[in-house]
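Alright, structures below, take your time with them.
Paired with chain B in one complex and with chain C in the other, chain A is shared by the two complexes that follow.
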Partner chain A sequence: MSAAQQKGLSSDWPHQLREHKGTLMAFVAFVAMFTIYAANHAAGLNANVATTAANKGALLAIVAIAQTLVVITSGIDLSVGMVMVLANCLASTIVVGTPLMTAVGVAGVLLVGALCGAINGLIVIYGRLQPIVTTIATGAIYYGAALALRRVPGGDIDATLADALTGQLPGGVPASLVLLLALVLIVWLPFQRSSVGRAAYAVGSSEVAAYMSGVPIRRAKFVAYTLSGLLASVAGLFLTCITYSGEASAANGSTYTLYSIAAVVLGGVSLFGGSGSAVGAIFGALMFRTIGDLLFVFNVEPLWQPLFQGIVLLAAVCVGSLRLLRIRNRLDLYG
Partner chain B sequence: MDDARTPGNRFATALDNAVAVIRRHTDPAIASAFGCIVVVLLIGSLYSSSFLSLDYLLQQLKVASFLGVIATGMMIVILLGQIDLSVPWVVAVGGMMATAATGWGALGETFAIPVGIGCGVALGMVNGCGVAFLRIPSMVVTLAVNAVAQGLMVVHTGGFSPQDSSSPAMRFIATGHSLLGIPNALLAWAAVGTAAAFLLTRTTFGRTVYAIGNRERAAYLSGARTRLVVMAAFAISGGLSAFGGVLLAGYASKAAQAMGDPYLLPAIAAVVLGGTSILGGRGNYLGTVAGVILITLLQSILSVMQMEEFGRHVIYGVVIIAMLLIYGRGPRHSE
Partner chain C sequence: MHGVSKRYGGVRALENAELAVEAGRIHAVLGENGAGKSTLIKVMSGVVQPDEGSMLLDGKPVHFDSPAAAQAAGIACIFQELSLIPDLSVADNIGISNPPQRFGLIDRKAQRRMAEEALARAGAEGIHPLALVKDLSLSRRQMVEIAKALARKPRILILDEATSALTAADVTKIYAVLKRLRAEGLALVYISHRMHEIAELADECTVFCNGHSVASYAAGTKTDNEVVELMIGREYSAVFPPRNAHVETQSTPVLDVRGLSWPDRLNDVSLELRAGEVIGLGGLDGQGQRELLLALFGVLRGTAGEVRIDGRPVTIAGPHAAKSRAIGMALIPEDRKTEGLMLPMSIRDNLSFAALDTLSRWGIVNASAERAAVERIVQLLAVRCDGTGVPAGSLSGGNQQKLVIGKWLLMAPRILLLNDPTRGIDVGTKQEMYQLLRELAGAGAAILFYSTDYDELVGCCDRVLVMYDGAVIRELVGAEITERALVSNALNIGAEGRHVGRTPGVLS
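Take a look at the complex of A and B:
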């Protein structure tokens, strides 16, 4: 895919379009939903409405990027929510005090997140265990660590940092969106364009073929898992900025893990690995959040909201099977 | 003993033969899982001798029955190479619908258990439909069905824990004792387990399940009705999850909102610890029995030892990883 990216858009736009179809569809669907939401919001689309929506969306979007990195290698990270919860508990403990202490605290939180991801990666690579069971087990360990840090909800975070990350920039732009953009520019794009990133896609497409062609499989997986842990801890930090406290909530962790899978799928990333982009997953996450907001705007009774959210999710994942209509040979179903 | 063809010699040959036969017929994974059960019990007995008492063991087996019933369905789905993430709310649906049916009067009270199981089968069929006919990855469609089931139950109960209590029959199965003081729940698990083992090893359905888990394309090409089998497997899983919910509701004499949450990950872990490959196609029901008992004992002993909750989570995760590292590793690339 990178070869195609190097060429200009003009020469092979049909290929480009096919390659990025999932991302584009997620983008279009999100814009359509958000337009309806903004048009029907009682207060209209002012800066405060946008910031609140952006904060909620960005949190899930960061977790979704983390999930994407692993899903591309045809793995899955079921510990991503627990790493977020662990980072949340840690951040509420050490990201306080003088600016220097705060900075060290932030670095510590990110380091722990990357370490959690690296442990997942090492077990998957050298232990040769399946990612799904590995991350279920490590998720329990990370949750235990979070619980050890915070037996009861509480803690605090540096207010300057929290306000900076969750507030608005001059001009009313939500800071969380800038954070999201920064993560894409600093983490995702360099990863995707690097040889390690290409190796990650290759591993996801066919691990055997990648192995035969001498692709650095282990390095690719290790980097993918480590970055995933790092991004999950960014999400945990951001969650702390929103709530001003830490809570070792198992429900929170598993909810975000499951939502991140939903966001990744809505964003056109294949769960079989090898295709898709974190940008798509971001729009998938924003779309998923907007569904909930839409129900609120249209005054759906709160009791019915979970049901509608579930039905929309079910319908959205069924849309992907429209491709079956184009399949002529039934054998193609069983790849 | 001083005979020419010494009985001692003959005995040694017979012993060798027996060892060879045993070795050929036992799965190292299942043997290790049962070995671990013994080790856990011995460690427990060092702490308190009551761990080896019949009362304690029967009590643990009774608690294990709930997980055992749920893990049975999970195992069939995992053998297909799929996974069922809809367990938490299908369990809740089973419990809630059965208690709701009890509240409808005499007729409902009689049919409480079938109503609960029937709702689970229906949800399982939605899962099966998505996987078999729409070719949606099972991880996604079961996630969506879980969300829909949650939505349905929130609407059904009005967001509160349901007030209906369970029927006498449910309580009898979950808490009663029959012959020789064996808990009825254990008998129910034994019945479910025997049926599942028979289904998996002695019927066309079972062989097709293993065949699909090994290579769905080959199973389809050899004329197996793969889609119906996948559909049926998910329906069974849904039904058994719901039956687990019915038992749990009988045990606590009420259904509750999050009653199924603590059963998803232990069910997967029990199946995998019992030597069933998460990639499908390989596994033995005896292993699942061992996995279920092992997980239940581990949880019980850690709580009896008054280990703090965080320690329980950490040890739980470490044990799963350690056991899988011993016998659950995948093949090397070069193999």
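Take a look at the complex of A and C:
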């Protein structure tokens, strides 16, 4: 019997369920969709099919984690996709050669990513500009840098690294899922459990209350934006591993930025900030990818994919808005 | 604190204020709206910095440039506007400013123990530490707020109207908690407008008036009436236009409200408003006046009771319905920056918004009619501006407020609701506003006027309804409207045994 029950309180689990509702719903929805997909796949779910699906999903999932970090502070990062593209172009240039050079190259890519995020954070904090405008502008700058690096698609990446990240581990487990798990364990969970992560949630939920509570607002935002840039560059590195080349593709950048927002919403992260988890956003990303795969196994033309993705996204947003029906003071609808 | 002053623009919120608080005592701070109480505690808790004066803690001068600095010095403050973070759990909130850590991460077990301990100290054992704050009732949230302050192990605890949102059961618990804290040697600063609470708890009292600390005395050495005298003592700074000689009292009220209630905030409010009348809403800030106006304007959902316009029962579904020709109601909101004006848009656009229906035909705005109507209003209200094309945000506060009123005058409302329209505007504009209200009433408008400035209620209104805890507790008519009557009724002095909303009768 727990201490809480001894004092006549209800047990813990309803509260924990309440707190993680969005994440759990995303998990359940993803498992349901993936089960339908696997059951109807002509070739059955073998390791190769799973790896291909996992690589596509993991790429978006990493960008979605990056987006989550900023959205939690009630900001939005429209430069994540461009940071990813910049990291892609940089990785295709410097992550080659001897193992040492490769390692230095990886570190360089991650550093540039973190730097991009830090710049976003500093402008938002000290320039007091809206995150949406700031990151559109910086995103364009990062894309410009990517173009300067790589006018035409090309380049290469260390094959050992690429194969290790995109292949399978013994037993057929996709390596990309292990990478995703590692990011959650090394980056996300420590962030969420640290006082600065707590501060990021507090800032997103109510900046005034956070200030009044003596929460380090600036540090929280800075760390959130910097980690976001770092993760976006991990995504760029991973993209290079999949394609074995770099390409300054504006379409790629914009698509991943927008899809990351969709994944965050599907994953139960509130766009108003203050609630949700990167774990939810990961399932949101995987779900978003599975929509396309589902259409494929049911022989629907790929042309319909955007339409269905849109419908699923709208449905998810509607579920999230059900609380608005309970609001008693209509001014709260606009506050 | 010695000689502390704070000015906001030209307004002196606090001037040469003095306050001395001792350990092991409960020090009550009293004063009417705008007397400087809130500014005082904002200075003490590091939210704002004083312009002059000094603060001594244990005899040593201190200076707080942020709430975090004040907390580090052992000052915890429980504000009226809650400082809880809605999306976090109770335990997370209690640990927010200094969470227990292990290996750089938050130790959730330790934090939970800390939260349970703090909740127990605040007499709120019934709150689950993992519950999300946004799911708790207002009263429970306030208890969490108190627990959060206690978790910081403060030496000075400031409570600003801490009991105003509490249920009777929680109030009783808080009394016991506060007395225990006093016995433990904390210094408590207690701001309240409930005289019986102060009688129950306080050891010392300091009265504020117009930003000055006018008197400090040991609790129980002054009668309630003497306290009210101290709280008033302000000079009249305004001249008010004469009232309309005659209001037709037999006519059907334009607005007739019966038993209007809204859960937790409005309690069985009834009033009748006739054409040509100016009715004031009095009472201390936050007693449901704002909610009453919003409810009438159709902004609140789930209200009970009946509203009649010209004797016919109506349901007002929202501001759009309220301003329709059949009802003709306008609300001048409290916060002109967010609810009243679109600051970046031009004066002309702002003025014509509410009346676009009448200025357009088949959805096309008649530009010349619009211009003429706008010019008329700008002249009528003497808005000082360089043409009507400049953004509303470029005007002074007083002129902005004129725009908010002018925007509704364009549609010639029959019922005008005003929510503290003169807050933060200069004296000259206030005079023009009073004149305007009287002219409108003279032309047959019915006006319901909430003001936190008692002078205004005395000078402008035919009748004043004093609100307390969401209910109208007193109606003052004509010569009965004096500042003394307003203050003593707002404090609900001598009425504890009567109807006092949620306040427990046993304590009076």
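What we mean here is this: the second predicted complex is superposed on the first by the 310 of 335 C-alpha atoms of A that agree within 3 Å, B and C clash if a C-alpha of one lies under 4 Å from a C-alpha of the other, contacts with A are read in each partner's own complex, and residues count from 1 in each chain.
Following the convention adopted for this analysis, a contact is a pair of C-beta atoms (placed from the backbone, for glycine too) under 8 Å apart; a residue touches a chain by one contact, two chains touch by 3 or more.
As the structure is a prediction and not an experimental result, all values here were calculated from the model.
By the document's definition of touching, of the two partners only chain C reaches A:Arg198; chain B does not. Once the two complexes are laid over each other on the shared chain, residue contacts for A:Gly214 go to chain C alone; chain B is not touched.
Once chain A of one complex is fitted onto chain A of the other, the partner contacts of A:Ser206 are limited to chain C, with no touch recorded for chain B. Contacts of A:Ser275 after superposition: chain C is touched, whereas chain B is not reached. Look at A:Arg328: by the touch rule set out above, it reaches chain C but stays clear of chain B. Counting the residues of chain A that each partner touches, chain B and chain C differ, and the larger count belongs to B. In the superposition on chain A, A:Glu19 contacts chain C only, with no contact to chain B.
Shared interface residues of chain A (contacting chain B in one complex, chain C in the other): 208, 211, 330-331. Against chain C, the residues of chain A that register as touching in their complex are 3-4, 7-10, 12, 15-16, 18-19, 190, 193-195, 198, 201-202, 204-206, 208-216, 270, 274-275, 327-331. Interface residues of chain A, counted against chain B in their complex, comprise 76, 123, 127-130, 132-134, 136-141, 143-148, 151, 207-208, 211, 217, 251, 254, 258, 261-262, 265, 271-272, 302-311, 313-314, 317-318, 320-321, 324, 330-331, 333-335. Taken in their complex, chain B has these residues touching chain A: 83, 85, 130, 134-137, 139-141, 143-152, 154-155, 158-159, 216-217, 220-221, 226, 258, 261, 265, 268-269, 272, 278-279, 308-314, 316-318, 320-321, 324-325, 328-333. The touching residues of chain C, when paired with chain A in their complex, are 47, 66-68, 71, 79, 81-89, 92-93, 96-97, 99, 101, 104-106, 108, 116, 125-126, 128-132, 135, 148, 262-263, 294, 299-302, 318, 339.
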